[in-house]
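You will see two complexes here that share chain A, one where it goes with chain B and one where it goes with chain C.
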Partner chain A sequence: MISWFYIPPAQRPLFSVFVSALFVLALCCFCSLLFGAGGLSLQASFQTLLGNGSADTQFTVFHLRANRTLIGLFVGLTLGIAGALMQAVARNPLAEPGLLGVSAGSSLAVAITLVLGASTATLTVGVAQFGALLGCLCVLGVARMQGQQNDPIRLVLAGAALSSLLLAVTSLLLLFDQRAADEIRFWVTGSVAGRDTNTLFSVLPSMLIAIICILYTAKPLASLALGERVAIGLGHKPQRVRAVVIVAVALLVGGATAIAGPVAFIGLVVPFAARALVGPDIRRTLWLCLPLGPIIVISADVVSRLVAQPAEMPLGVLTAIIGAPVLLLIVRSRRMPTL
Partner chain B sequence: MINQSLSLPNNEEITTAPNGHRLLSLGRHMTILIEKQAIIRNVWLLILLAIACVATLGIGTMPISPKEVIAVLFGHGNAMSQFIVQDLRLPRLLAALFTGAAFSLAGCLMQTMARNRLATPGIIGIDNAAMAFAVSSVVGMGISLAPSVMALAGAATATALAFGLAGGSGTRGYRFIVAGIGIGAIAGAVTQLLLSQVSIDVANSAYPWTVGSLSARDPMMVSILGIGLVICLVACLLFASQFALMPFSDQVIMGLGANIKYIRIVALILCITLTGLAVAVAGPVGLIALIGPEIARVLARYRGIPLISSALAGALVMILADLFGRTVLSPIELPVGIVTAVIGGPYLIWILVRRTSRTSL
Partner chain C sequence: MTATSLQFKPIPKQTPETNTLTRLCAEKLTLKHGKTSIIENLDVSLPEGKVTAIVGPNGCGKSTLLNGLSRIHSPSSGFVLLDGKDIHSLPSKEVARRLALLPQDTLAPDGITIEELIRFGRHPHQSLLKQWAMDDQQAINYALNAADLEGLKDRLLDTLSGGQRQRAWIAMSIAQETPLLLLDEPTSALDLGHQIEVFELIRNLSRQGKTLAMVVHDLPSACRYSDHIIAMKKGEIITQGSPKEVMTKELVRELYGVECDLIPDPMTGSPILINMKRVRS
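What follows is the complex of A and B.
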């Protein structure tokens, strides 16, 4: 296992890295069931896991914590994959749904529905995905603006400008509606606690579409990494690939945002870690993003329960604290990797 | 209106001014190059600003005619309108005037320094950090300082952190910007964290700090901002000839004999001071820093760095936005930060989607 570190990332055996990541993920899920901010002691929750707990502890472990873990799994999965796709399509290691205003677009859409008085789960998911799509289209406009210099940071600046705009419009809406403001105050922080697992089922159909899109685009994206002309020469249609990827990203980010609220920086950290482990090829990176996203979200969630006992810290705060240094790390690396 | 000044040692005298410029000799040691266009432009902006000021003082729940307003300003008029104009509307007008000018000037400097028209103090996280600090003082995290002082401290902290983390100014100061974006994200998250931990009443009282508003501002901070603005404006004019080099590439600037690090640090310090003081008065009204300089650049036809015009245009936009927010939904008052966001939004999208052939700025 130690010998991995001597192999260049791109040559590491994908299968064994993937399996060990799965092992770590299982460990994280176990911890997530075991630790909590409430009064339940570590021993009691362990006993409950073994099958001899009271009704109360069983409710806490198998209902509250298990749901939470499940949602963390889903959110990590979708945001990690969305980040990897977005970075591949923008050919920019800093492209991240949260930084580029995609999450902000989808939270604006959710705020609009909340103000209009809707609260059905299915509607929220669809609306969030639509908002994410609009955010993505704005990003496409930005990507065009990149122009001659092809400067990765222009994109991030434009994304920051866009999300600050969308957030301002969201707060304008909330100014007129006290009820929605109170409701959304907890939602905009991004958290996996106390969310409705039923929403997960309403997201599933759109996730299926997203998976089909990803399967269709993985190979063209890998050749797009070699440059637009090479991709055309290999028989791919870059414009169409981009459009399909944008739809997939919108579905994924919209789904995650509808369930957990905007969780920033996951889409930046996960592909970064995946690239460090198995190299820049998108087909390998995507495989590794599958376990890495949930690992990061669930472990961040566990930490967020433990640091501020007996209260909890919102997940979004913690991911921002993890993600911002990674952002710096990417920018500070001597040569910014062009994707 | 020394918009593009160029000070030269007296042994290199320029005898004829370039087309469209005039030379102004200040004593024997200094000659200032003045662009005629700039003077005309700024005089127009000043006239518009004066009209907007009179309108703002006059319009409200209790309308006062422009004539009466001017009379009151010169110390005449009846007691009622004197009270309304001088005690109620004038402080707010001054707050709008100063914050608009300060934000816009800071934006112009930052955009020049980063060679990017989207780089504003708000986007690189100074606003967010100031907001987080102010909110923490409102929701009472065991800190008894006034929110405005905390906002100033937040702005300074964010910039210091960004500067430290960026490790030197890096190529084109870009690391600094990205570090700022990261710090802004953390500060935003912390603000959300604070707001989600307290009751809805406390969250509401912190609300003006999260959107930017001009109602009932601290008069002390307004006067401090006014003094700071004047000092920074003078400093900007002294360094105007150096800032004018910034659009060129680093090699060219060095070739011309200027110290690029020094220029950047001066611009940065001016930027933080202006933003910090302005946020301490009005909260984050960041989009002014995007709109004001852009108007000035359009008026200047993208020549040079229109510092004074930026300040004037920013003040004008701020006053109009506040007037709009006060009057349009009359019993409800829209915070000025939201008005500028809604005005600036479509404009921002236009910048993003159009195909630009113009280079950096």
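What follows is the complex of A and C.
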């Protein structure tokens, strides 16, 4: 494993890196079941995991915490993959669904339906996904207006503006609504705590579609990294590929937002880490995003339970604390990696 | 190994197509950038099994023509015919199995090896269900051999010389196993030795039966390494034919506004430009 350090990322054995990441993920899941903000001590949690718990502790560990872990798993998976796809399409290492307003669009669509009378329970995932799609098209449209991908930072500026606008409208709408402040915060910052795992099942069919989209576009996307004309010369259709990828991104981000609200920076940090580990080829990056996304979300969630005990910090706040420095790191790196 | 002494290994000759028609031609082709037309009503065809060099001053439309011929640029009117069929009516993958293209604006991802790059050339032969087959590996070995890159196949692209890198890109096109190959300024930004390295590879490919067309800036190289020259100015073909017929003082003056004398290369007989002077227009 240490010898990997000397190999260029793109040449590292994908399988071994992937399996190692799976081990780390298993460790994270274990920690997620073990640690909590509540009154349950570490020892009691451990005993419960070994099967010696009371009904109460079992409920905490195997219901509350397990659900939370499951949702973190899903959110990390979807946002990490969505970020990698979006960066490949925009050829921009800063393109991230949370920063670019995709999550915010999704969140706004949800807020509008809430105001129109839907309750959180009857909300359909489709609404969130539709909002994500609109957010996607908006920001890519704005970015396209100022010419060909000349400056990666412009896309992020456009996205940040769009994102804050959409989130502001979302908070405004929800303020007029007579619901708990907690609910507002959820749709503005995102969280994996106390969410309903039943929503997970309603998301699964659309995830299947997203997977098919990804299988169909992985190869053309990889060849787009060689240049637009090279990709056409190889018989690919960049426009169609981009459209399919954007649909996949909308499905993934919409799904994640419906379940956990708009969580920013996961889509930035996860592909960044994946590229650092296995290089820029999207087919390799995507594989590694699978374990890395959940690793980052679940460990961030564990930390969010521990730093402000007995209260909790919302996940979205913590991911911003991790994500913002990474963003600065990418922007400040001498040679912004081109994708 | 110096570039000039570069010897390409003998490679089994590909079976030439028994097709007397030209495989790639344009009829009444008009190509526009926005509203300005770059090329209007142009008829052109690439002679079979030969190297065609497209020459002309900057902005004469030679790269646009190449993009048109390779379906990157859609015509406003007229047709590009590949094997007698409108190139835009054929599935893009089908086109990619007959015509390979090496554009100027290639990008090399970090940490990619030569063999990995060449593998991209197999995309037109693969599908969701047929991912990787024996013939893919054979085509890659063939391409590595043809471009004389066997010893370098595991090297990273960014650690190579400019000439080797360009040969790797050409090898990717070879792995595509197409009878046609179009190259947009394959030797720009290369030094003399690397230019010759790439030109010799191109000539070698033509000897194996490929039909090639390339945009070239350097006239003596165009004369030396092509069998057919298409001279363009302001979107029109001024003249075309074999280098010896076409290359005259008058043509150089007309194309570039340069006065010169032409003498035959004592070794190869291909024209060389001497005594060049810019003419004020």
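Operating definition for what follows: the second predicted complex is superposed on the first by the 322 of 339 C-alpha atoms of A that agree within 3 Å, B and C clash if a C-alpha of one lies under 4 Å from a C-alpha of the other, contacts with A are read in each partner's own complex, and residues count from 1 in each chain.
FYI, a contact is a pair of C-beta atoms (placed from the backbone, for glycine too) under 8 Å apart; a residue touches a chain by one contact, two chains touch by 3 or more.
The structure presented is a predicted model; accordingly, all values stated were derived computationally and were not measured.
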Side-by-side fit of chain B and chain C on chain A, or clash: fit
Which of chain B and chain C A:Cys289 touches, first, second, both or neither: neither
First (chain B), second (chain C), both or neither touched by A:Ala84: neither
Touching partner for A:Leu157 - first (chain B), second (chain C), both, neither: first
First (chain B), second (chain C), both or neither touched by A:Val188: first
In the superposition, chain B vs chain C on chain A residues touched: B
First, second, both or neither for A:Pro8, with chain B first and chain C second: second
Vertex chain A angle, Cα centres of chain C and chain B, expressed to the nearest 10 degrees: 90
First, second, both or neither for A:Leu277, with chain B first and chain C second: neither
Minimal inter-chain CA distance - chain C and chain B, angstrom: 12
Contact footprint of chain A on chain C as seen in their complex: 67, 70-72, 91-97, 100-103, 105-113, 116-117, 120-121, 123-124, 126, 128, 156, 173, 176
Complex contact set, residues of chain A against chain B: 94, 98-99, 138, 141-142, 144-145, 147, 153-154, 156-158, 160-162, 164-165, 168-169, 171-172, 175, 178, 182, 185-186, 188-189, 264-265, 311, 313-314, 316-317, 320-321, 323-325, 327-328, 331-332
Complex interface listing, chain A residues touching chain C: 8-11, 215-216, 219-220, 222-223, 225-230, 232-237, 279-281, 337-338
Chain B to chain A touching residues, read off their complex: 116, 118-120, 122-124, 165-167, 174-175, 177-179, 181-186, 188-190, 192-193, 195-197, 200, 203, 210-211, 286-287, 290, 334-335, 337-338, 341-342, 344-345, 348-349, 352-353, 355-356
